[in-house]
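Structure in structure tokens, see below.
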Amino acid sequence: MLQIGPYSFQSRLLLGTGKFPDAQTQNQAIEISESEILTFAVRKLPLNNPDAPNFLESIDLERFHLLPNTAGAKTAEEAVRIARLAHQSGLCHMIKVEVIGDDRTLLPDPIETLRACEQLLEDGMIVLPYTSDDVVLARRLQELGVHAIMPAGSPIGSGMGLLNPLHLSFIIEQATVPVILDAGIGGPADAALAMELGADGVLLNTAVSGAQDPVKMALAMKYAVMSGRMGFEAGRISKRPYATASSPESGIPV
Amino acid sequence: MLQIGPYSFQSRLLLGTGKFPDAQTQNQAIEISESEILTFAVRKLPLNNPDAPNFLESIDLERFHLLPNTAGAKTAEEAVRIARLAHQSGLCHMIKVEVIGDDRTLLPDPIETLRACEQLLEDGMIVLPYTSDDVVLARRLQELGVHAIMPAGSPIGSGMGLLNPLHLSFIIEQATVPVILDAGIGGPADAALAMELGADGVLLNTAVSGAQDPVKMALAMKYAVMSGRMGFEAGRISKRPYATASSPESGIPV
Amino acid sequence: MLQIGPYSFQSRLLLGTGKFPDAQTQNQAIEISESEILTFAVRKLPLNNPDAPNFLESIDLERFHLLPNTAGAKTAEEAVRIARLAHQSGLCHMIKVEVIGDDRTLLPDPIETLRACEQLLEDGMIVLPYTSDDVVLARRLQELGVHAIMPAGSPIGSGMGLLNPLHLSFIIEQATVPVILDAGIGGPADAALAMELGADGVLLNTAVSGAQDPVKMALAMKYAVMSGRMGFEAGRISKRPYATASSPESGIPV
Amino acid sequence: MLQIGPYSFQSRLLLGTGKFPDAQTQNQAIEISESEILTFAVRKLPLNNPDAPNFLESIDLERFHLLPNTAGAKTAEEAVRIARLAHQSGLCHMIKVEVIGDDRTLLPDPIETLRACEQLLEDGMIVLPYTSDDVVLARRLQELGVHAIMPAGSPIGSGMGLLNPLHLSFIIEQATVPVILDAGIGGPADAALAMELGADGVLLNTAVSGAQDPVKMALAMKYAVMSGRMGFEAGRISKRPYATASSPESGIPV
């Protein structure tokens, strides 16, 4: 069970809803992934024009928890404003704080992220910050009271997987809240690795929506997250450079 | 469907039967893995002492294909003798040719492996050689007529995963028979990666039998292989070092 | 030429002075490395006991720039106090700001590091912060006015080299001040790689002082830094997975 | 000192002569690299047309050992014929045996390479085979009597460096003749790494001839090979994931 603030989830796969080829594919992918948490950019919603079409219309809101993000924000103030807009609309209690500090890599600004989280926690929201894999920053966010840490594996949409598995392990070791690997997943092996290292969940979007067959990839990711989690729980063998025979020499002489 | 010679299999996970803590754990792991092909060392069987206990007694032979290996052989002659022993016992038509050329790494001897395969193919057996990730050697074996290529990811039992994913990809690209990653798998992410790169199957043993919870790890590996295969079929996104936003900036100005 | 604030240096190798087996070995290593900047912990100096022995006595202070660090500080206040102590002693104008946020990894605290730098820049010191490889944090420090950025390759003394070469490249691309790879160097290849990626310098200590032959390793590192820098300036070939013949087939038919 | 058969060399950098922009750049690069062994394809020489221009004319043959290679050969017979042509021309006693088994990767054919070496050793030549990083094949070649082993780091001209450092280490550990890393070097860090792992030499070509400034890159490679070798001899620190302070906390309380 993944526990984020007061909420419990069976699935450890969080799915983003951006850039699917069409709404039907998106909904099939969501369905087959068995994700219970969907993320999307608040900026994409026509909140001030209730009659405009938007992706939420096609979602059964009873079945999913929404995790809107503050994509587009470059300062704490912008992130807080976007988060409050989402909160006040009644859509959600959870918010993914995303304050981008660099346009090429879309990596987060640590200072503005900390400030935004501080304010939104005071507002009483369930706060999940997107962060780099800076080990001490992750602990700082945790000490602030955030409800999960969401370190980047590699730049958003890059498909480069986990650039620094050791940093992710360090963050996990010291974590007192869930660690959800966010950004950079390319294929199932990346998701499995994050989970195998002890992450509590994986958030991904482009890896599914940008695949040639998004629905099949969504299913692949469901199994990848399950397998990685089980592998973590099952206690994998340690690495050693030399061989150990799996077929001991015994029995008949040949 | 994995097709090896005349046989078809639903499962792409091949499981070794060495070094489980006890027979019950082994059988539960086999069961939950849904593997259809089990490997074991012919040398471990008391073929010349039919009354001695052996692991085959606890296996429902109707349900599994046996893939005995020639572990212990250091020359083609030894491997051929071991293979024929297994074949003549009526246990199997398939043989995993394993001719070790180095005691520390248990890496295979390319020349002896080629020679053993040549003879066993003449015998009419279904021949699956364990090989290094030498790209041209893999093609040579294939040209000889072997029924699958089984390149090592890393030394047997090392848990180091895929040391050279590019070589595995090269072997897969040119393969006209199934490529089954054999040796070195440590955790589910390794198995998922091999499959994601296009391998047709994964053979592993220590990763499951040596895990703290072998049964749970067997299940993890089942899902890992499934997820990697689906990921391969679904066509993953390509890698690029820079970010691409999954949440395009549009909608309301905030 | 490496330019840090008002100072110019021929050498791009900065050497730490901790943990050498003895003073003579240390001095020989310093000599042969041709380093012009030496680092040490202010805390190791008996500043309030001028008669106690200390390593500076054996150094020809005319020939080297000293770069004391604030090791031991866990807050901005502590770092500032240590830095001022060093500055007031007349030993140095440069200070390496090191505010540790995690005892196991000795990774830096981004917030306290920023705060300490801000104050020391106001004091008029030449400030070189030790930082993680957080890309946006590096730019924030730069915008504050620091005179160089010193990202960690991996934990201090770990010898794990560059865990995340891509992040280092990102930091270098956006840098307007020198980027000096600090911490984690294990062998010459690590130092060469940092320089090849475009770093302006490398600071290392344990890799030399902890080697079996520190003096020879100091010379190795001198050449590694030179080779990496030249490689960067010479414009290396790009990577591609397939081969291109270096020996075109032409000339005589054979 | 690098010892190959009866010859001793100060330099551990072997330089290929293919694909330089012009003869002057090539000669300057050779000069500055301080290489003592130059490689080239026999096929590129107009051996049956002595009046045609060729690169050897501009080389001071007194100062260099020539290591012609059998590039273009796809069988042992072709390689032997090319090697004898070179030998009989009086140009060389050493030959790099290169029998390509795959056009896309230019990776060598293990069987044909073995056969060619066997024949050329009988001819009395000094034989240096280009091989994959197959550990047992390397030992087989060594047992045959070859005078050095030349494993590929990655495909020729790919610039991908060492794809499998562990296999290179295995080859080095068991070697009784020099191991010269051949093919795949991209930048100085790759060359330094091969040497740091214990290789006796590095052969490269495209990394220098294809660089934007081949002459400067040749110098970079000279230093890279020196630094890696010294690093190997100096005994580098081992890797460990956690930090160890290079600045012990002692001295004054601050």
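Each chain carries a letter (A, B, C and D) given by its place in the written order, and its residues are counted from 1.
Everything below uses one rule, namely that contacts are C-beta pairs under 8 Å (C-beta built on N, C-alpha and C of every residue); 3 or more make two chains touch, one makes a residue touch a chain.
Because the structure is a prediction, the values reported are computed rather than measured.
Novice: Since chain C and chain D are copies that touch, is their contact same (over half of the numbers shared) or different (under half)?
Specialist: same
Novice: Does B-D or A-B have the larger number of C-beta pairs in contact?
Specialist: When the contacts at B-D and A-B are counted, A-B has more.
Novice: If we define chain centres by averaging CA atoms, which chain lands farthest from chain C? Would you check?
Specialist: Relative to chain C, the chain with the farthest C-alpha centre is B.
Novice: Express in whole angstrom the distance between the two chain centres, defined as the mean CA positions of chain B and chain C.
Specialist: Chain centroid spacing, chain B to chain C, equals 46 Å.
Novice: Just the number, please: Cα centre separation of chain A and chain B in whole Å.
Specialist: Distance between chain centres, rounded to whole Å: 32 Å.
Novice: Distance-wise, how many Å sit between the C-alpha centres of chain B and chain D, to the nearest whole number?
Specialist: Chain centroid spacing, chain B to chain D, equals 34 Å.
Novice: If a residue has to touch 2 or more other chains to count, which residues of chain C qualify?
Specialist: Correct list: 104-105, 107, 160, 166, 241.
Novice: Mind listing the chain A positions that touch chain C in their complex?
Specialist: Listed in rising order, the residues are 101-102, 104-105, 107-111, 114, 132, 134-137, 139-140, 154, 160, 163-164, 166-167, 170, 174.
Novice: Touching residues of chain C toward chain D in the complex: what are they?
Specialist: Touch list, chain C to chain D: 16, 18-19, 40-49, 69, 71-73, 78, 81-82, 85, 104-107, 155-160, 186-193, 195-196, 205-207, 209-214, 216-217, 219-224, 226-231, 233-252, 254.
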